[in-house]
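Note that the chains take the letters A, B, C and D in the order they are written out, and that residue 1 is the start of every chain.
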Amino acid sequence: MDAVLKKDRLDELITKLGYEVIAPVRKGTTVSFETVSKASDIAWDYANSVVPPKKIFFPQTEELFAFDGKTIAERTPETIKRMVLGIRPCDARSFAILDPLFTKDFKDPYYIRRRENTVLVGLACAIPGRNCFCTSLGAGPFDTTGLDLLLVDMGDRFLVRSVTEKGKTLLTENEELFEEATDEAGTADEIRERAESAIKRTVDVSGLPEKLKTLFDHPVWEDMAQTCLGCYNCTYLCPTCHCFDIQDEVRGRKGRRIRVWDSCSNPEYTLHGSGYNPRPGRKNRMRNRILHKYQYYPDNFGVIACVGCGRCASNCPVGLSIVEELSTLGGI
Amino acid sequence: MENPYVPNMATIIGLKEEVKGERAIKTFRVRFNDAELADSFDYIPGQCGMVTLLGKGECFFAISCSPTKKGYLEFSIMRLGKVTRALHELEVDETVGVRGPYGNGFPVDEWKGKNILCIGGGIGQAPLRSLIQYVMDNRKDYGKLDVIYGARSTADLCFMGELEEMEKRDDVDVHLSIDNEEEGWTRFVGFVPTNLTRIAPSPENTIAITCGPPIMIKFVIQALEKLGFTPDQIFTTLEMRMKCGIGKCGRCNIGNVYVCKDGPVFSWDVLKDVKGEM
Amino acid sequence: MAEDDFEPKIVAFLCNWCSYAGADLTGTSRIQYPPSVRVVRVMCSGRINPLLVLHALQQGADGVLISGCHPGDCHYIQGNYFARRRMNLITRLLEYVGIDSGRVQMSWVSASEGPKFADVIKKVTEDVRKLGPNEQFVREV
Amino acid sequence: MDEEKMRDTVRDLLSTGKVASVIGYEKGELGQGARPCIITSPDDADRLILTPMCKHNLTVYLTLEPPTDPEKKKVALIVKGCDARALIQVLQERGVERDDLVILGVPCTGMIEPDKLYQEVIEDDILEISEDGDTFIIKTRDGEQTLKKEDVLFDECLTCTYPTPLMADVMLGEPVEPRGGEASDPTEGMSAEERWAFWSDKFSKCIRCFACRQACPLCFCEVCAGDSLKPNWVKRSVNLSENTMWHFIRAFHHAGRCAECGACERACPVGIPLMTLNKRMAREAEDIFGYSSGTDPEAKPLLGSFKTDDEEDFIQ
């Protein structure tokens, strides 16, 4: 179902529907997802945020519970209704990839509750970023995986495309905000085609998970990791990286147990109490990062843990590019 | 929704010092404060629990007693890092947290009717102790039981009292060893794999389970294969640094296998083909 | 909080040989000084890692005082000279970032300077009282 | 910048076995960008480039994961003026042995900040970048564009005091005169309250990815105070308090050590002006103690030395 939302009605969408609205906001030279109170706070012309919106469901620091002496005080479940407005299709897709991890076997209540209470309103990409390669992973600038609604920017209005029941309900329950679509769909198709052809980076990932199974002992990892600095940019800024550390933080009797993003690039990540480290070098750690995304995750959850957003390449201090690495591996 | 990150509080009801020194080992017997949970908590030998000391953190340990022992759990813990050091400071009646059981455990039902051969080294005996107790408590379900166990010195041998008791029984064969000669030691002197080769148990209808330092495991498996054991007759239980224990936090993977969730028990048949750092 | 109601918490790192002995003398001489100070005795002012100063502020101390032997009098010959360089730099860093100037102070107090120790504590306490409670980068938990 | 002489030297060093590897630059994946690369074969010398896009400080690779194999210890590396300061500092602190190094010095007229360049020219259109005095000539698919250097160079480069390496075995080019001038500080003229507002805003953005630390040649502590759990200076929580602590530790630990190369700031994904802090501490070290880091390999470390008449106005 398509509808149209005039941009001058955005403020109503943000304030009248009872959601906490989280949207891309420009701060200095970078864009990040923040709570907004009006449409003019939102940066609609961004390519992508530096820190991905995974932080909304999986914050960098999260209190698991508090304690006082020997008594645990569990957190009351968050019930706040949220709308993520203007999220890019690739980032929304990352949630579809992460969902099985957080919901299979042991359910992660923190992630699940936020996810359930949030409606994702995406923003189709008209001008992809320089390192985007989403089309190589079966997605694209107009991909709707993970989204409830997709917006297409048309100047003074958005074409609103409903994807899920949740999205449809939002449209029908607030029909006074929306108008019927006329010839917008045709224009949207043109924008999509232009956007897709603007993506210059491609890599063939068909058969890659299987191929990687034969490459564990290959010397290529040594070469690849040679100039890696071992910082956590590529993992912290990845929308599908989900590793975390758990720590207790105390002051006197009171304290809290937190979980906080961790990175497989961190030597301490696998360091045993005995001092033994199964992944002692950058080579081991880089191999684990790449294999986790393109071999282990597909093995365990049936999907490559990469959305092609290009953040790892854009933010690597020494210019390492995942597209190039995958091409190298695929070409062996 | 149940919260898998929140531990259940338990009280230490017994403490036994197994090994003294820098890397001391203590066995903690704990009982859940919730009486209903204490009686209903069930697990499989080889499964693990996440033991919490609020304010210090959590560590993943094999449950070292058998589920046939009701009403309590035991963990045999070596003093190594921040959490284990703090745990070693605790005394009886103090509180810890426990969540679990985690991991797959030994397939004890599938092993019914088979001979069981346990090969342990150092603190690696902890999960094997659970299995040994289980087999002893269900003695008629299993064939011959052999326990091969060694440590660097007599001072490093865990569960010595129990093992000496077992030596007196005729339904289990215990083969102890230490690495170097010591006065008064009349049993075998040498490494565990050497002791295994010397004893040369028959692979016939037998399952061999080994746990200990990685280097020992490696040579034990080589020795077992020489004795004619096939990979599907060999099992090991592994350890990795862990945080969540439930397969989410990432770090304990060997290839695509997560030790906390898919392990810690692996048959050599599976493990030999897994590509990953151990 | 009104200035008068606010009783600042000052962490004072005192070297064992001079300033701590000086503080002792203040007490035995029955010289009054504000009860705001929490003393941490260290062997030498040169032992004080500047991170300890930051740590104290982060843990909620309203002020930090580092006190050692006068130059030339260090029990370990030169420890206080190293301390002087470090504390100079760390206070400048704090000031530059906008942490209230005056929260971190340094003094030389010898074993015989009981009255001076009382004066130093009075001054630090009054300076910090004027600044009010430290709220700038205090820990959440 | 003498690219050909560099390649010849590298080829010679590798083919005669004087070094086991060379740390240099190669063309990046797209456009005209450069990135670090480590080569071991003389045949790869032609891969190496030397352009105004070679922004990285390669000295970092000497301390990142030092080779354990003694056969591989002998290394040649390319250093610009600022990189050489970092190298001198590393040598001063005994991070590496001078005898294991062959230093290829590059007198440097400044490095291009890609973000500034790409505001003027579309990255993929660039075919070649050449220098002409105070300008860069950018050859593109559509023709040629002349850009003023001051518009596209990194801020650090505009006020560089040591453009010519103070230490080198082979110098690849003629010495370059410093541009002079003072770096501007965005907090200039602010009150203490305003400065805290400025910095707390910056620190609160930090995600503690430690890219600043990893990119810095002088961050080679075995256990970083930012990681240590015992003592636990910085808790793992990412919030203003812990981030501030981390940035204080970082800034303080670089006082009198920082080579002012700007690698940390370039590595920061969220745009924290780390060089502003570093430069401030460097100026303090100069003003109070007359100490300039990375200029003398025999000098004693700033905080490992003292003068009996050091300033003490701040002490009661």
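Please note the rule applied: contacts are C-beta pairs under 8 Å (C-beta built on N, C-alpha and C of every residue); 3 or more make two chains touch, one makes a residue touch a chain.
Owing to the predicted nature of the structure, the values given are computational and were not obtained by experimental measurement.
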Chain pair showing more contacts of the two, A-C and A-D: A-D
Where subunit A and subunit C are represented by their mean Cα positions, the distance between them in whole Å: 48
Rounded Å distance between subunit B and subunit C, as computed from the means of their C-alpha atoms: 52
Centroid spacing, where centroids are CA-atom means, of subunit A and subunit D in whole angstrom: 32
Set of subunit C residues in contact with two or more other chains: 139, 141
Subunit D residues counted as touching two or more neighbouring chains: 235, 237, 239
Per-residue overlap in subunit B, given as positions that touch at least 2 other chains: none
Chain pairs in mutual contact under the definition given at the outset: A-B, A-C, A-D, C-D
Residues of subunit A defined as touching subunit D within the complex: 27-30, 32, 50-51, 60-61, 130, 200, 226-227, 229-233, 236-237, 245, 247, 249, 258, 260-261, 263, 268, 281-282, 313, 315, 317-321, 323-324
Touching residues (chain side subunit D, partner subunit A) in the complex: 28-30, 33-38, 56, 60-61, 64-65, 115, 123-124, 205, 207-211, 213-215, 227, 235-239, 263, 266-267, 269-271
Residue numbers on subunit C that touch subunit A, as the complex places them: 59, 139, 141
Residue ranges of subunit A in contact with subunit C within the complex: 249-251, 254-256
Touching residues (chain side subunit A, partner subunit B) in the complex: 64-65, 67, 69-70, 72, 74, 77, 101-102, 105-109, 112-113, 213, 216-217, 242-248, 250, 255, 257, 259, 262, 264, 269-274, 276, 278-279, 284, 288, 291-292, 295-297, 299-300
